[in-house]
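For reference, chains read A, B, C and D in written order, and residue numbers begin at 1 within each chain.
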Amino acid sequence: MTELSHEEIKHHIKIYIGVFVALAFLTIVTVAVAGFHLPLVPAVTIALLIATIKGSLVATFFMHLGWEKKIIYWILVLTVIFFVVLLVLPAVSSA
Amino acid sequence: MSTASAAHLATAEHHYEDLPFWRKYIFSTDHKVIGIQYAVTGLLFLFFGFCLMMLIRWQLAYPGQPLPLIGNLFNESAMVGGIMLPEFYNQLGAMHGTIMVFMGVVPLAVGGFGNFVLPLQVGAADMAFPKLNMVSYWLYFVGGVIMFASFFAPAGAAQSGWTSYPPLANIASVGQTLWLLGMAFLINSSLLGSINFIVTTAQLRAKGLSFYKLPFFVWAQFITAFLLLLAFPPLMAAAVLQLMDRLAATSFFMPSGLVVNGVVSQLSGGGNPILWQHLFWFLAHPEVYVLILPAMGIVAEVIACNTRKPLYGYKAMVDSVIAIAFLSFVVWAHHMYLTGMGTKMSSFFQITTMIISIPSVIILTSLALSLWGGSIRFNTPMLFAVAFLPMFGIGGLTGLPLGLASADIHLHDTYYVIGHFHYVVAPGTIFALFAGVYHWFPKATGRRMSEALGKIHFWLSFIFINGVFMPMFIQGLAGVSRRLYDPTQYAHALPTQPLNVVMSWSAWLLGLSQIFFIINFFKSIFWGQKVDQNPWGATTLEWTAPSPPPHGNFTKPPVVSRGPYEYSVPGRKLDYVLQSEPAEAPVAGAGKVK
Amino acid sequence: MEALIPYIAKPHPVTGVTNSKLGIWCFLASEVMLFGALFSSYIFLRTGSVDWPHGSQLLNVPLATLNTMILITSSVTMVMSWASLAMKSIPKYRLFMALTILLGLAFLVVKSFEYAHKFEHHIFPSTNTFYAIYFTLTGLHGLHVLIGVLVNLYFLFPGSALWKTNPDQLTGRVENSGLYWHFVDLVWIFLFPVLYLL
Amino acid sequence: MDSKYYGWGLPIDISTNGASIDQLIYVIHGLMALLFLGWITFLILALVRFRERSGHKAEYKPHHHFRVPTLVEVAVAVTEVVLLCAFSIPTFSQVRNEFPPKASALHVRVVAEQFAWNIHYAGKDGIFGKTDVKLISPTSPVGLDPADTAGADDIITINQLHIPVDTPVIADLSSKDVIHCFALPVMRVKQDVIPGQVIPIWFQAKETGNFEIACAQLCGLGHYRMRGFFTVDSKDKFGAWLEGELMKKTGGKVG
């Protein structure tokens, strides 16, 4: 990242402001949606959908994952696989 | 390697020499010093854990009889008139497991051998983050001290088994809180250590040393580091939850409506003890692979070097190790078949357990086939490495009946389970660690350990270790439960009680036979036979550095152009070719390693 | 005294990353598993319980929304502080880093108000399992925010001396601290709806 | 407790489900012995034949690729699939899922506590009296609600499990304090008893005799002495025992 030229970084800053606005907006949307008191399943799906969008915004732009190297992607793919296994864990006990 | 010349290396070297003693040996950032610190502390805790076991064996062989000689050394809460109390027996059992796994074998196999040998074998000057490496040793040390001190806590150390199942662990004495704190330190020590291993192997390999030219030992440590990195945090989370349960009276693992010795519990309830078991075994199964993979790495190095021929099926072994790493995350619930789990889930975990047995068989078979066509030298490291194969074989095979849920109904939580995992860990991993100590002792000290004492140590240990663990299968089939303070209470355990006497005597004699190793170890540091930098005629990079290697390891950063096990290459005078030997024009017949 | 270790400031020719970046991402992977285990416990406890309360009734949602805004802003100022370093402007770097630290502290202050309010009403982790997992999750997250603030404080004052000797290394270090900070913000982004809104 | 029940190997099997479990254990141990013997002979052969000696050199590239081991590995994989699908999964589902019809089965509740097994019989009316945790006291281990008439004829014994032979028994396992493990070695029955849950198990005895209940999960300092008595009576002897217990409880008044 360190060898970016000045113009590129100025361009990046515009992106960061844009991402910030999007995140703020999505936060308000999440709170608004919660106000409707939807039944559990739709409420969960919407809330997690918005959270995932916000999360991927932060990860892609703030954490520069958008243009990261292959080795980092490999480690993240590995972690996501075992993260999913971890989240499936509660289903294991009730099955 | 940047163009920094050897001169620059020399100045770094010179600067290191005049560091004060406590910076060079106590808070050292040299991976070799840290490796030796881990190894020595690990060996001490292994011996301490062994002594706890020898006490347990007395109570199992002669239940209720006063312990001769040292019986009255213990205070009232442990032994009354030399007769062991059940609480103390449970402490010995829980701490024997915890100390041997988390403070003995893992620090020795991953901390000791990994730290000392891995940077040398990848041709690096040191670990990627030397200060982080020092921090992870001292976190381990503090964790070890807390665990050791917990014996002197009021009502003693943790006594709910090394698995600490709640609600028993939640209502246990303060020793359990110290156990959780000690575990927090040990977990974070292994976590930071694994980051070091991954970055060193990925980033600091010598020029030309591609991943598939890495010695199998490096592969084993690299994959073990991923297991540590991704499997330990869930146990950290579980430890946080149990600490909250014990200190903040939350009820993560405490269901509602509990009545503990006659008193209705005032806790809010709503928790579930099975949650701890899931989180614990989510770590503990990758943890048992953390115990065995470095051992397989050591055995592979020793076998390749002492059969004077390349390993058979190196690529298949590497792929199997990767497969084991993935599968180890989806088998954990085969420890929980009898917790009321449904048949759908138990079938899933039986299938994954059977699948994971295949890569282990592949690795074991490849190691055995590597003997075929070799010229086998039976020195002490090779004796231990060869003995590892059948012993780990028994450990692996006896895992099958436990992996099948129906057979596990009878064998669950019996001595069959104890025999199974001890065969994998004791004559398995610990024999491999002995092989590693005998094999790399010359590299660490410049002197060899005595072969005579080594062979006595091997044969005595081999005989007595089987004397301890083989009868366990007979007791297991008879249905004798584990963790019983006094097995003679049960009629179905009475016929196998004479076996307990045989096993206890074998255990004590096994303890005595370690004296040959201890004498050999300390004697050889000062008076061992001096050797050059490659006494075994091995090929991997650590044997190109002087013994003991200076700070910064290699005077000239090595360049690698050959496979890890170029032994008995036709058309050459010496029967080994160092990995860092420049590749001359391809000579007919001297094909690259497959 | 490290022996000669390459790729501290310059990325590795093949993997393309510096040692510390690969290291920080490995650490964040383990943190994902840590919070993953806690979220898994949350799901485990919620599916297993009979009367799981709605977070929105028991917890102060406007305060938490404010906290979310604070943390998002601190993420932006964090990445701006890194961008200023990349543009070799130390004063801007100090400004944005100070802002990030202040926002981090603001988050902790709001969080302590929330906790104090609960303790006054005799609501403790032992009250019920919902509050237990609420205090544990937000407490551990708050601890991570505190550690992030301390690390950033180090980089604002003593750490920035590295700028004179090895600017690339400082930029790399601030970037890693930024990655950690964004991760902590990311955890809160999931924590907020799960605990407060569902 | 004569010793023809227990020995060095598997204890006597008096359960209808036991045969399939024992069969699986014997089959798999046979395969393990076969595999180990074959493997050990190869190992010893290789060690002797390729030991270091003058005039013998190691081969750099083994001239023949080993086909046998891959065949053995495939065979091991296939046998494992067979063991799974033909033996283990069906047996486990039989034990866990195929409960006998309630009408024809004796229904008991087993409430484990630190260091004893409380067995709760429904008595003649076949209905368990209500129990409440708050009513638990040394004299009433399961907290039977005296006000509930259905409970009047219930019988609660400590460490005494009597069942009639050749009759399916359904046992609801629960625990008051920590995790225990209800084990009947001769019945090949073993099931963790988790506090906060009621786990039903079923078993049926083929023979009469006096056996024992074991606790197989560490449950504290008294774990080793949590031994119960498990007696399989003939049908009428069981009836007589039940009657005797009722008499003891109601002090001779008609239940």
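Definition applied: a contact is a pair of C-beta atoms (placed from the backbone, for glycine too) under 8 Å apart; a residue touches a chain by one contact, two chains touch by 3 or more.
A quick note: this is a predicted structure, and the numbers were derived from the prediction, not measured.
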If you apply the touch rule, which chains end up adjacent to both chain A and chain B? C
What are the two chains with the top count of C-beta contact pairs? B-D
CA centre of chain A versus CA centre of chain D: separation in Å? 48
As a quick test, compute the distance in whole Å between the mean CA positions of chain B and chain D. 33
State, to the nearest whole Å, the distance from the C-alpha centre of chain B to the C-alpha centre of chain C. 34
Hunt down the residues of chain C that sit against at least two other chains at once, touch-wise. 15, 17, 22, 26, 29, 33, 36-37, 40, 44, 48
What parts of chain D, by residue number, touch at least two of the other chains? none
Residues of chain A touching 2+ other chains? 71, 78-79, 82, 86, 89, 93
Is the way these chains touch best called a line, a ring, a star, complete, or other? other
Pairs of chains in contact (touch as defined earlier), listed by label: A-B, A-C, B-C, B-D
Give every residue of chain C touching chain B within the complex, in rising order. 1-7, 10, 12, 15, 17, 19-20, 22-23, 26-27, 29-31, 33-38, 40-41, 44-45, 48-49, 124-129, 132-133, 135-136, 140
Contact set on chain A toward chain C in their complex: 1-2, 4, 6, 9, 12-13, 16-17, 19-20, 23-24, 27-28, 30-31, 33-34, 40, 43-44, 47-48, 50-51, 54-55, 58-59, 61-64, 69-72, 75-76, 78-79, 82-83, 86-87, 89-90, 93-94
If you look only at chain B, which of its residues touch chain A in the complex? 202, 226, 230, 234, 272, 274-275, 278-279, 282, 326, 329-330, 333, 341-342, 344-345
In the complex with chain B, residue positions of chain D that touch it: 1, 3, 5-11, 20-21, 24-25, 28-29, 32, 35-36, 39-40, 42-43, 46-47, 50-53, 56-62, 66, 69, 72-73, 76-77, 80-81, 83-84, 87-89, 91-93, 95-97, 113-114, 133-134, 136-138, 176-179, 181, 183, 185-186, 188-192, 194-197, 199, 212, 214-225, 227
Touching chain C in the complex, chain B uses residues 1-2, 4, 8-9, 12-13, 15-16, 19, 29-30, 124-126, 128-130, 132, 191, 194-196, 198-199, 202-204, 229-234, 236-238, 240-241, 244, 248-252, 267-272, 275, 278-279, 282, 551-553
